[in-house]
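Below are structures written as C-alpha cells.
Next come two complexes, and both contain subunit A; in the first it sits with subunit B, in the second with subunit C.
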Partner chain A sequence: MESAILCRKMKKTYGSFTLDIEDFKVATGTVHGLIGANGSGKTTTIKLLLGLLFPDSGELSVLGSSRIGNEAETRQHIGFIVDDASVPSLVTANELAAVLRRCYQHWDQGQYEMYLRQFQIDPKKQYRKYSKGMKVKLQLAVALSHHASLLILDEPTSGLDPLARDEIISILSEFSKDENHTILISSHITSDLEKLCDYVTFLEEGCIRFTEEKDELLETYRLGIVSHQMVADIDSDSIIAKREGSFQVELLLRTEDVPSFLESRRLSLEELIIFLSKGRSAV
Partner chain B sequence: MDIILSNANPDPIYEQIAQQMRAQIVSGILKEGELLPSIRALAKELRISVITTKRAYDELEREGYIQTIAAKGSYVAARSHEQLKEEYLRKIEDHMRSIHLLAQFVGLSEEELAMMYQLLAEGER
Partner chain C sequence: MMALLLKDVFLMRRRSGIMLLAIAIFVFLSGVQGGLVNTVMATMMPLMLGFTTLAYDQNDGWEAYACALPFSRKLVVQSKYVLALGCILLSIFLVLVIGLLASRWEIHTVFSNAVTQFVFGAFFVSINYPLIFKFGFEKSRLYYILVMVALMSIGSVLASLLQSASMPAFILVLLPIASICCFTASYLLSCSIMKKKEFSGS
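Showing the complex of A and B:
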C-alpha cells in the first residue's frame, strides 16, 4: 500500500475553529511529522485519523480503511499515543496488559515487559502514581507491543526531559528502519522532528501551509545576518522574511537567491518554522 | 564506513554523502563487493530522511560506484583499480585544460605555471 494515510478535502468545525485539510498523504515506510502551534489543528487531525472524531465532510483513509472509527480490524495494526490515555487511576501495567491482550490479536507480552523494564516502569504500580513521563512511556510500550505497522503519535515527547526524549526518538528511529513501518508524529518540539522525520507538514490555523521532504526543506532556505545598512544592498524581492534586531537584521532567503557577498547559513527546522509562521513580520 | 555531515558545508546532504562514499571506494576503504548499509539504516543513524540517502545511493549507482540488488542490498561495484585511475586521470586532464585556458588569458608562461604548481605542492607538504 502506497499511502498509509490519505486525507482529501477533509473538514471539521468546532465552534470558531475549522480544520480544512485539502490534501494530506503519509507514504508507507516513512516518518511524517506534523508541526504546528498549539491550537493549529494537530490534535484534531490525529483524532480524526484514529476515528475518535468524524469529519464533517471529505475523505480519509487509514491503512486502506475509510471507516477507521468503526473498523476494529484496521485498528489492530495501529499503535497510538494521545494526550489523555484514560487509563483508570488504580490500574497497574500488569492489569492493563491483561485487558489489552484480549483486544489485540498480536499482543506480545514479552515485548511489553521488555519496554516496561527499559522504561523502568514498575508493573505493579498504580497509574495514578505515574509521573507525566511514565504515562507517555507506558503508552509507547503498549503502542509497540502488538506488532503495529502504523504509529500515530500526538506529542509523544512533550513534558519529557532531554534524556527521555532522546531515548524515545531512538526507539522510534529503530521502529522506522523497517520499510513496512510508518509513523505520523505531531509535535511542537521541532528538534525531535528534525532528527526523525522524512517529511514535514506545517499546519497553521487549521490549514496545511506546506508539506515538504525534510532535508530538502532545510536545503531550500538560508539565513543571512546583516547590518541595517546592508539590507538595502539586497534585492528586496528575494527577502522572504526578516527579523529586525537592535544591532542586526536577520533575513530569510531562498538558497539560490543568496548574493555572493552575503555570508549565510542553513536554518534549523525550528528557526525556519518561526520565520515562516504568520505573525512573523513579512516583508 | 564513516560519514561525517557538516552543516557548514554548502553542498546538500546527499552530495556530501556521495562525495565521501566515492572517496572511500576509490581509496579502497570500502572494498569491492562490500555490503553497504541499507538506505534506511543509514538515514536513521545519520538522522536524515530516507529520501536523501536514496538520492545519494541512486547517484552512486548511476555513476557505477555501487550496485543495488533487490531484496539483498547495495554493494560496492566491482571495478578494477585501473578503471578508477582512468576516471581520475580524465578529471585531472579536464582541470588542466581549464588552467591552460586561464593561463592564456593572463599570458602566463609554461615555466611560470610549473613554478606555481611546485610552490603549491611544496606548501601542501
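Showing the complex of A and C:
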C-alpha cells in the first residue's frame, strides 16, 4: 500500500523534549489516529509533517515530498488544523475565502459556502467573534474546500461539545470514503478516534509505543476482572497489565490467553490505552 | 502575493480608524509647515499600519498558518516588504500633493522631502523587519523604540544638511541608493530568517 506519510528515524529536540520516531507510515486511503497524553509529541509530529518544524535528523515524506516546509506546491493537496496556527482574527469567513481562493488552485467556493451553511457560520462575522467550536468548524471548512487528498488535523474535536464532535466525525467519515483521501488525526479523545480510525499510533514521551490496525488491536486484548485470590490461578506470563482495586483486580490479557473460567470483555480504545500506558508498569 | 496583500488590506481596514486621522493630520502638517518631526510622523503613521498587520499575524498564529498554506515563506516575507514600500511611497505622494498645493514647494524642497521620507521609511523597515521576523513583534518592541530614536537623531542632522543650499546634489541620489541597498539586504536577511523559522508554539 502506498504511503501518504512516511517518517524514518526522525528526531526532533527542543528544550528538554525529544521526539524520536523510528518508523511511522500512514497508508493512502486510510484514517490514522495519533493518540497520546498532553506532551507526548502529537502536535510536534503534526507540525513536522506540515513543515512548521524541521526534523534534526531522519527522513520525512508527505505526499512524496521530503521538503514539505519549503515546497508550497505539495501543500496545495493538504488540508490542516493545527494548534497555534490560525486564521486572522479580524477577517470574516467571506474575506478569508477571498484570500484563500487566490492561494489554492482548486478552491471550491460552492463547497465552502455549503459548509458555512451546514455549520451555521455567519460569513460576515469576524473570526475572533466566533465560539471555539465555530472557529474549528471554519478551519475544517477551509481544509475541506480545496479538494485536498490529505487532511492533517491536530485535536480538531478538543473543547467541543458532543454534538459538534459528532458532526465533525461524520464529515470526516464521509471524506474518508474516497479511497484517495487520507486523514491523520490526533486527539486525546479516544472515543472519537475509535469511531473514525482504521489505524492508531500510540505516542508516549516522544516515542511511538505501537502502531496497530484499530479493530485488530481491540480484538487482540480482553479485560478480565478477578478477585485478589483468583489472580494466583492465572498464568502470570499471560498478564500484560493489571490494575488493582480494593475488592478486585483488572487484568489485561491477550484474547487467546483468557482462561475459560475467567469472565472477560472487550475494551474500549480509551481503556486499552490507559492500561497499556499505566497498567504495564504494575505487572 | 495578491492573497497575502489582500489579507493585510482587510486587517488594515479594521484597524485604521484613528490611524487614518493621524495620517491626515501629519501629512497636512508636513505639507504645510514642513519640519522633520512632521515629515517623519507622516511617513511613520502609514508604516505603522504595516507593522500592525505583522503584530496581528504573529498574535493570531497567521504567520504559522500561512506557512502551512501553499505560500512559500519567501512570499510571506515579500508581501510584507511590498506593503511597507507601498506605505512609504503613499506617504511621500500624499505629502508632496499637500506641499505642492498648499505651500507651492520648489523642486529642491520636493526632492529633499521625498528623500528624507524615503530614507527614513526604508531604514526604519530595514532594521525592524528582520528583528520582528526573528524575535516576534512583542520582543522586538524595545529594539523598535531604539531604532526610532536613533533614526530621529540621525534624521535631524540629515534634514538640516538636505535643506542647506550647500548640500552637494549627489547626496540626494546617494542616500536613496544606500537605503534601497539596505532595504534589499534587509529583505534577503528576513527571507533567510523565515526559511529557518520554526513554529513551536508557546
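The definition used in the following text is that the second predicted complex is superposed on the first by the 277 of 283 C-alpha atoms of A that agree within 3 Å, B and C clash if a C-alpha of one lies under 4 Å from a C-alpha of the other, contacts with A are read in each partner's own complex, and residues count from 1 in each chain.
In this section, a residue touches a chain if its C-beta (ideal position, glycine included) is under 8 Å from a C-beta of that chain, and two chains touch if they have at least 3 such contacts.
Computed from a prediction, not measured in an experiment: that's the story for all the values here.
Contact with subunit C, but none with subunit B, is seen for A:82 once the two complexes are overlaid on the shared chain. In the superposition on chain A, A:237 makes contact with neither subunit B nor subunit C. Once the two structures are overlaid, the count of subunit A residues touched is higher for C than for its counterpart among subunit B and subunit C. Of the two partner chains, subunit B is the only one touched by A:198; subunit C is not. By the document's definition of touching, of the two partners only subunit B reaches A:214; subunit C does not. Applying the stated contact rule after C-alpha superposition, one finds that A:176 touches subunit B and leaves subunit C untouched. According to the touch criterion, subunit A has no shared surface contacted by subunit B in one complex and subunit C in the other. Of all residues in subunit B, only 7-8, 12-14, 38, 40-41, 43-44, 47-52 touch subunit A in the complex they form.
On the side of subunit A, the complex with subunit B involves touching residues 29-31, 173-174, 176-179, 194-199, 213-216, 219, 265-266. Interface residues of subunit C facing subunit A in the complex, by the touch rule stated above, are 2-4, 6-7, 10-11, 14-15, 56-57, 59-62, 64-65, 67-73, 75, 195-196, 198-202.
Across the interface of their complex, subunit C is touched by residues 14, 43-44, 47, 50-54, 69-70, 72-73, 75-76, 78, 80, 82-91, 95, 98-100, 102-105, 126 of subunit A.
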